[in-house]
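Common to both upcoming complexes is subunit A, partnered first by subunit B, then by subunit C.
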Partner chain A sequence: MMKLEAIIQPSRFESVKDALREVGIEGMTVTEVRGHGRQKGHTEVYRGREYTVDLLPKIKLEMVLPDKLVNTVVDTILKTAKTGKIGDGKIFLSRVDEAIRIRNEERGESAL
Partner chain B sequence: MPGSAKPISVLGSQVDAERGRIRAQFEAGSTAKATLRALCELADNTLRQTFGDMMKVHETPGDGLSLLALGGYGRQMLFPYSDLDILFLFENQKSEEEFRPLIAEFSRTMWDLGFRVSSAGRTIDECKRIEEDNAEFHLALLDRRFLAGDQELFEKLDKRILPPSEKQARPFLFSQLHRLTKERLARYGNTIFHLEPNVKEAPGGLRDYQAAFWLRQILGDRRDLRGSSAADEEIAADAVEFQSSIRCLLHYANARNDNTLTYEMQEEAAKRSLAARDGVPRDAAEWMRLYFRHARTLNRQLLRYLDQRINMPLSLRERLFSAARSVARSEPAPSGAHFAIRHGQFEILDQPALADRSIVYHLFTEAARTGTPLSRDAERTIAYVLSHPELHAINQAMGWETLKEILAADYPGMALRPMQRLGILMDVLPEFRVIDSLVVRDFYHRYTVDEHSLRTIEHLQALAEPPDARGAQFAPLWKMQERRDLLVFALLLHDTGKGMPVENHVQGSLRSLASAASRLGLTPEEEAEVRFLIEHHLDMSATVQRRDIFDPATVSGFAATVATLERLQRLCLLTYADIHAVNPEALTPWKAPQPRHRPPARFRRSVAAHTGPGGGRRRGPGRNRAVP
Partner chain C sequence: MKRAVLCCCLWMGLCFLSVPLPAQTPTAARPSPASSAPAPDPAKDVNDKLAQLDERVSAAQSAGDNAWMLTSAALVLMMTGPGLALFYGGLVRRKNTLAIMMQSFAMMGWITVLWGTVGYGLAFGGNGPFLGDLAHAFLRGVGTAPNADYSSTIPQLTFMVYQLMFAVITPALITGATAERMKFSGTMLFMTLWFFVVYVPLAHMVWGKGGLLNASLGGKFPCLDFAGGTVVHISSGVSALVCALYLGKRVGFPKQPMPPHSLVLSFIGACLLWVGWFGFNAGSALAAGGLASSAFVATHFGAATAAVGWSAAEWLKNGKASALGAISGAVAGLVAITPAAGFVRPMPAMVIGLVAGVGCYLMVTKVKALFGYDDALDAFGVHGAGGTIGALLTGVFAQSVVNPIFGDGKPVGGRDGHWGQVGNQLVGVLFAWGLALVGTIVILKITDLITGFRVSEEHEVEGLDVTQHGEEAYYLES
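And then the complex of A and B:
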């Protein structure tokens, strides 16, 4: 099992959500976050103070996936979240040791 | 094919290969100056190639758009992992709209080629206006350099638009740079003597050089600065090369824009004899002494420029107020005076008289008595006289009576600091030499040993007007102190043992005392008092932090050591100053010795029991009273 976290542009969220549903992903956690990358949140034609680091609104998606779905979900997010501009975001993958359904204590991939 | 650009994969490989070549040359011993120039040339060429390709692909001549380099990149000082500070200059709003997509593509390409582009965009009209909350942009604009695009547009900005607005904005730019610089220096404790300094931002680092450079430009073509500019550049050149070499080493070693000269990197730099032209092998501590020498050069130069004043047009009311204030801050010099206070600082009136060193020492005594600093010009004058042996000196030795007067005054730090900078402190107290710029690796200490010692004294003198509630608790102890000179003398020597090859630095410091006391002629009682303070300078903090101070055995043991209330008070003050000077965060409420928390009755009885028959008075320096 893998945990996938994706930071994406808010404007791409609806497209990403719809596309993920189409590939069979139904469970995810969505958070409104703020952040920046190496460009410090500055646009190409920036007019603010150089040493200001701007935190821009983003959407964070989190989901735990069976291994066989990981590549599909990554490809889906890459296709639908990309605008080609700076600020598109990132995807992080990490291994998950166990998942447990609280209601009936089901474990493993069947708990997803 | 018309309009085609070099594929980014090809350009990327070329850029990576060139970066590798530049790094290899640096590792093989190329100078920092050559390395920075090469990196700048690589950035310039790549930027021009990318920009030119983009213009071809989009079939636009690029009229109405210029690319400018600013800041460090503008000055052609580009470090391996520094940002590229770029300005996109537009003819007008319409040009900006037109070129926006192209600029976005250009920025993405440069990022993908590994350049950290930090860009701003302005129309030429916007450049005329001074943004009062964005002084950093206007300062970076002072280093503008044309890179690519519409050269005529750049010339218009550079030659016609900016010069008059910068001239008019000089007072604003000076005051902002002054403020930003003071804030930065204060963040680092206004000292160059950090154990792991930041070679860019800390006092003595490259930012000092940059700020001095800008100040020279802002202050303009002033007669009193014209001659010094070339001399300053020459003096600074070695120091800039040294600091730049360190910064290149740090960037390559850390693979990011991290400018902290850690202990590990000090070892590495010493092993390579980095930027040490004489080729003499050194250990890390000795190599750091080189660092501090260069840091001192850059910092002094900056401070001299910060002291300059800029002429601002004043209203009649402001002129009258300023004149009255100037009179209040100056004291009329009595006839025959060798120095006087002008604008709140001591100035030398009679340079030849300084051949009589007693006049120099008298100046230091007055500085310590009044809390008035010496001006930078005054220090330079003294330095000049000291460095010219043909000016026949008389009364060269500073005796204990004069030193005592300085140490006992209300502001000893005002004298000791310039004495240290001028080398006079080490002439008077050669024992201090072993801790000059000494780095001792310690998790808690932030400063070199000499800097720490001077800070302990300054923390005590600050108790005259306590800076905070904690200081206010110790202020009464300081104010009632007799023989402050002995306490301050102990602080000067208490850590000199750290510069000696001894197992216990306290024993080394006691040796320093024995040597200094004999040479200066302290009385046996004076020496005994200072010896006590040095010998036990760690006891109070060790007892408070590691023992149960409400345990009668602890109390009795400590009382037996201090024996008198006066010694307890002096030790308390010494401990406060010592911990406070480790680093600004060291004196937590937990650690601060709490004079009010001493177990009153039992402790006093314990101390009284150890003061001799009948609990009577002990004779000695000051009135040592037994505790009732």
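And then the complex of A and C:
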């Protein structure tokens, strides 16, 4: 089992979500986050005082996947989340030791 | 035959005027003369009827004036709550929203008590040069009969409650400078002292009978202040500066960004202030006649050009006109037009607004940055500076044709040729500055000794809502 974390542009989120559903992914956790990589922020001015806002809004997707689905999902996200500009985001993959469904205490890949 | 016709005509006239009017003077309803036995003296009959007609016309005039004045009083109260509360509330950080709103609201409650018990008489009673007296303490003698010194067509109760709303908003303005770091207990004590030491004497000097700076009631240095440029804005603005300097900068100022947490609230507040200001300025005509119209128009025009001016200055400087700039500009214009509203024509009002809009923009961006003081919400930059600009320009643009306050045909301000008025304005301005400066320093020392003034650093970082009031403005998890 692999954990997939994807930080994407908020404007791409709906497309990514729809594409993932088509590929058979129904479970995910979505958070609104702020952050930046190499993308610069912007300046705001309030009564003559300037503030640099370099924490930009992004969407973070998290999901735990059976090994056989990982490549499909990565390709799907890459295809739908890409705009080609700086600020598109990143995908991180990490290994998961165990998954447990709380309702019936199922374990392993069938809990996903 | 002729007498009968005359009687009929007058009787019809009286019937036409017989709308139910609440009389302020407690005269019993007199029976119509036409229903009693024919009087032996026709001249006396006519005179009686004319006297009755006179009374009815007066009552009608009073009804119009009183309706406008009560409305104005309500509008001015609205300026404090929710106008100022929202305007300031949106400008502070989220953790201090309730605290700043509470400070305005507390004035609505507490100043009312002070005014209603002793404040009114101290400001508007007597005829001393500096202070009134306690003859009207607990509103003794203040009822529905007019006080002819101030307005002969409205009940004195109306006049008293109208002036009360001014006394409420003035101290509330100061909280803009001390925002995000002032104790609530210190606020209450400070404002109580400030009310007696600065506001009441200044109100008496400028507006009270016999006041040193009163333009129409025998002041030695007649200073034109139609609705409170000196009494309200300069006094609170300068006091705000003193407080800001005494309190010191907020933790993290100026490096840490502290942007307004909700410009939406500030926007709504500013618009409520603009609308409410019609009560503040046009209501200061104390009647519903032409002077009120004049002041209403001048107020609106001043606000408009100031908003345009500030926005234009910002657009030129930063390449963008901000919403915060536009609403700040409007407020600056309203402040500046306050002393001038009932003295200037509409075009000069536009000029005053424009000068204030650009002037206060420079105060708030350049001058504040230059000196580095933390006037958190620009109470001095807008009210102190705007009030000073407005007071001086009033001397320049005041015209007899708008308000012959020195007597019919006598010149009023520079535009009438009476340039000495600018000098009188300067005297008033200096008085207000001086009283506010000295009074505030003394009061600050006393307050600091008794309750303390500034919160501890931990409390400041945690936020005033939680530490001073035990509440959160937005409970986002619920």
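Just a few scattered comments:
Assume the second predicted complex is superposed on the first by the 97 of 112 C-alpha atoms of A that agree within 3 Å, B and C clash if a C-alpha of one lies under 4 Å from a C-alpha of the other, contacts with A are read in each partner's own complex, and residues count from 1 in each chain.
Rule of thumb we're sticking to: contacts are C-beta pairs under 8 Å (C-beta built on N, C-alpha and C of every residue); 3 or more make two chains touch, one makes a residue touch a chain.
Worth saying up front: this structure is predicted, and the values here are computed from it rather than measured.
By the touch criterion stated above, A:Y46 is placed in contact with subunit B and with subunit C alike. When the shared chain is aligned, subunit B comes close enough to touch A:I86, but subunit C does not. Which of subunit B and subunit C touches more residues of subunit A: that partner is B. By the touch criterion stated above, A:R38 is placed in contact with subunit B alone, subunit C being left untouched. Of the two partner chains placed by superposition, A:K68 touches none, neither subunit B nor subunit C.
Shared contact residues of subunit A with subunit B and subunit C: 44-49, 51. Every residue of subunit A that touches subunit B in the complex is listed here, in rising order: 38-40, 42, 44-51, 84-86.
Note for the complex: subunit B touches subunit A at residues 85, 88, 96, 100, 103-104, 106-108, 111, 116-122, 133-134, 136-137, 140. Listing the residues of subunit C that touch subunit A in their complex gives 254, 257, 259-260, 318, 320, 322, 324-325, 328, 361, 364-366, 368-369, 378. Looking at the complex, you find that subunit A touches subunit C at residues 44-49, 51.
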